[in-house]
């Protein structure tokens, strides 16, 4: 049969954003693929060269629209490396709580978007319903639904409100039950299993070689999580285990493994949250004023000439890294060069090649299981 | 355009011939027939058109997530007939929810041209209105209204889903006025800005 | 579970020493630098001349197991002097691949990791002379992950990667003018000093009302 | 047993009484009977068709609201009142004043009275009511029912666009092919024994033949749009329908074998006269019929031809405006027809549940039989739609193309053959034709071994047992490892804060 190229995107339900996947199909089988990015390239790196170190944070929020808090945190750690700031421990705890809440919201958004990819619309509304719980909690911290601008160099913007801890515990405990509901709906449905199992194999070594990171490699059995490999917040003090999937095939992880590993990661986030809110220094029912030394330490605003800062952060989709160079003639307040490493930028071309050999109907399943986010990819 | 002064009793074949028959241009003929229909069934079609706003399922950036949230349990845009269709042929509203880069500019114009009249455009969020935080960028247009006409602006970064729903409400208010007028003939109509008293 | 500071120090020292021993006379210098954020972990910073970069990359990959090329940063220093007009920074990781064999159930404890299992960060800095055609040898065939990173660095910063196959613009539009690389410092951002960064290829300029206005 | 209300007979006798006297003395006198017959048929056909067509809005509404409940939402709330009360306080105008000759004055005064008496303009929750499109006093009558009316009317005024390089003739023709063939199905669907448009002898065959036309239209539409998504959708549709038509035909063949007729109405009569609905005699057949019908009308989980995730909107991607509206409507009419056919073949048509037993009770029995058959049929169909089609659509995922074909050829086809054999055995060896009775009480033709209704009871029990067996026979040990094998040192979910 003749082969033909199909252009999927930029406006296509499969893409979860704006990018183009060009697929060469032979009947229903994918023969070749090409990924094309850049539809929302915004030049954040260039704009940030004209911003203060503090003014960069909102742009980092907007890098990835479903996990704003983790991206802002990632930048903050790079800036703290550059400016040599000290962070109070309570602030680190609050950052951990905020990041894990964001991880829950982000994974729920992923599961919600993954449902329609496979054809299950109910999953989307259920996940978005539960996501609102965590958005409410994050809103108490940052004041906004999506872009919080919450962490500061040397601390956080404001302390957790009174009652936040109790509300969070209640919601997290409720959510742990909801995870079981999802599993009941999905894992016990044969259609869900046959759509995901044995589809989209990705080998661990190839993935690491290609630069894929985060839950996608943990699904293939690589127990690498920056939260323990290069601990940055107080992840070494709270109770958790990295969620790693044991692959059932030598070919690596399939879509089902990637789905399971994220479900498990949500469980681990719940566990972490419940522990962290108990262990937080100063207590969960205390509210310090916004410039209190418990949550904020004043950091220098000017970076020394030639200094550089680097952060390696476990974002919801993998390792997000920031590299900040300070200094320059008379412009020590602004980064001379801000470089952003997005996990999905390297993953998307890899995933495009992963699809070869599967059916057209598997394209959304494979693509969705890798959790693409184009905001951070195109920067 | 539905004019309240038009006589509704004017429905007979002669009127149709008078309005349409003399025109040879195909496109104009179609427009005339549509005009006639909208005069004919005026209110009813206007009501139908504003109560059933199918939105193109186009997610550009942050606001796309709020667009999705507006369709889900807490906000439930379905109450007002706001559904999301993936094909531009079947949608009425182009919801631009993010910055328009130079690479995407001609694509969004094409999407807009693929949508059948009457169609409406909502610019959601700062990026679509003016470039937003990226107004200085080398790759971002200063708002989607540089390439396609916009009916409603919803400011916010991103606007909350309530604001989006309010934007749809204001668009419906506008449709009461303009009816199914083709998008190219609406230049005199002032765009609506949500929250602007 | 975590990698302790002691484990980190041992691994970093081993790696830095190994690089310094192997490439002692070639101008490649490996240092141990401590992060000043978070938990104050250390990493290896290698400063290498461009001509030895490919050899160093292959050696690092196959001898000390650096299997992960995570980020490539190009920087333009128009006033950096004759030797440092451009800088390319590679961030590499050594990340252990364990327990990928099916039907095994090895429980994995970070505190017990030794030797080459311990993850280490590397930062390789390559300074390029101040000219119009900065170029470094490609490491596309060493790490698959370097492929698109190099494409991006060429697209945005304009650093040529010698021997890179299938180079194309990934983020900027394909019809951008030749030689337009927005992150070079001669391009000012809009509204600061210049009306436009470059002649608009597609003709989507600013709105007429804003013309001539400098914010 | 025939339905108590013989509307068709009433129409025919009325026309027979009316028309011949009118034509007395005219040249048409000799053919007066044929004219009366024609006019009566015309009236009956129109009444039945309109009933079927407009009751379709009910299933659209049922789907919308049921889905909303499953998704934890409210669903559409559009009330007809918003026709004259505009948006955000901007009134849409008093359209009744524009009608000629003051025809609309009563509507205006009625509306004024309603607004004065029950209006929510100055109520405490006026905003809430307005936001929720509620009606007077915050009450909402069939909330969202008129949403589908609005959708349909809107499609009417949309621009008609043909893609530039489409095969214009076929592109324009195929929606009509689909819609007209779909409407033909409604022609043979009886609402009750006294209410049907036409009743050909081989109506089962006719229904299946007509169901087979629309796929050609689908393929035409997919091909002519000159779009790769529609092309793939059309080809998928052709492959899927071929794979599922054959089990469907075999299932209907087994229905015909069991009931001994190819006529829908007679097969319904058989179910009552013999004493048990077909559902209890051939649960396997009912299951096969539902599965193949879901595939036939292309709904989740078998909606590959319009898989939204990979093919933007499937084979109708390029259709907009009223063409799309008609296709959408045709889709639902097909679904609705499938529900009717299931009701007729397996759920005993217009017969009430336990009609044989309850009709024996002195007073209650008479009242029970007074329920019109058409209502029973409609309720049963809506229930089938709600419990099978909607529920399946919104709780299951979509199957892949190769899986759907494999399922059709390798599983459904052998099962359908098995069902044909079973039906033959039932008819030949277990059926007692002497015990059939066409009375309100029905017959007892399925007695065996001296136990009344032994055959349906034992059949249902066996198939229910097999179903439960399959339900519980998930290979727990094997599957558990595959399902929940993410491992950690301490299993998640078991952790209690503060305890180590």
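The letters A, B, C and D name the chains in turn, as written, and every chain counts its residues from 1.
Going forward, contacts are C-beta pairs under 8 Å (C-beta built on N, C-alpha and C of every residue); 3 or more make two chains touch, one makes a residue touch a chain.
Worth saying up front: this structure is predicted, and the values here are computed from it rather than measured.
S.K.: Starting from the Cα centroid of subunit A, hunt down the chain whose centroid lies farthest away.
M.R.: D
S.K.: Go through B-D and B-C and name the pair with more C-beta contacts between its chains.
M.R.: Answer to which pair has more contacts is B-D.
S.K.: Taking each chain's centre as its mean C-alpha position, how far apart are subunit A and subunit B in Å?
M.R.: Centre separation, subunit A to subunit B: 34 Å.
S.K.: Roughly how many whole angstrom separate the Cα centroids of subunit C and subunit D?
M.R.: 61
S.K.: From the mean C-alpha coordinate of subunit B to that of subunit C, what's the distance rounded to whole Å?
M.R.: So the centroids are 45 Å from each other.
S.K.: Tell me, which residues of subunit A touch at least two other chains?
M.R.: If we look for residues of subunit A contacting two or more partner chains, we find 12-13, 38, 41, 43, 46-47, 50, 125, 129, 241-242, 244, 246, 248.
S.K.: So which bits of subunit D are touching at least two other chains?
M.R.: 71-73, 308, 312, 487, 489
S.K.: Multi-chain contacts only, two chains or more: what residues does subunit C have there?
M.R.: 105, 171-173, 182, 187, 189, 192 - these are the residues of subunit C that touch more than one other chain.
S.K.: Which of the residues in subunit A end up touching subunit B in this complex?
M.R.: Touch residues, subunit A against subunit B: 10-13, 16-18, 38-44, 46-47, 50, 58-59, 62, 65-66, 109, 112-113, 124-125, 128-129, 131-132, 145-147, 374-375.
S.K.: Touching subunit B in the complex: which residues of subunit D?
M.R.: Residues in contact with subunit B: 64, 68, 71-78, 82-84, 86-88, 90, 92-93, 95, 98-100, 131-133, 144, 146-147, 149-154, 156-161, 308, 312-313, 316-321, 324.
S.K.: Which subunit A residues qualify as touching subunit D in the complex?
M.R.: Going through subunit A, the ones touching subunit D are 4, 6, 8, 12-14, 25, 28, 115-122, 125-126, 129, 176, 185, 187-189, 191-192, 194-195, 197, 239, 241-246, 248, 256, 260-261, 263-264, 267-268, 270-271, 274-275, 278, 359-364.
S.K.: Using the touch definition up top, name the residues of subunit B that touch subunit A in the complex.
M.R.: 56-62, 64-66, 68-69, 72-74, 86, 88, 98-99, 101, 103-104, 107, 111, 133-134, 136-140, 157-158, 160
S.K.: Quick check: in the complex, which residue numbers of subunit B touch subunit C?
M.R.: Touching subunit C from subunit B are residues 101-103, 105-106, 135-139, 141-143, 146-147.
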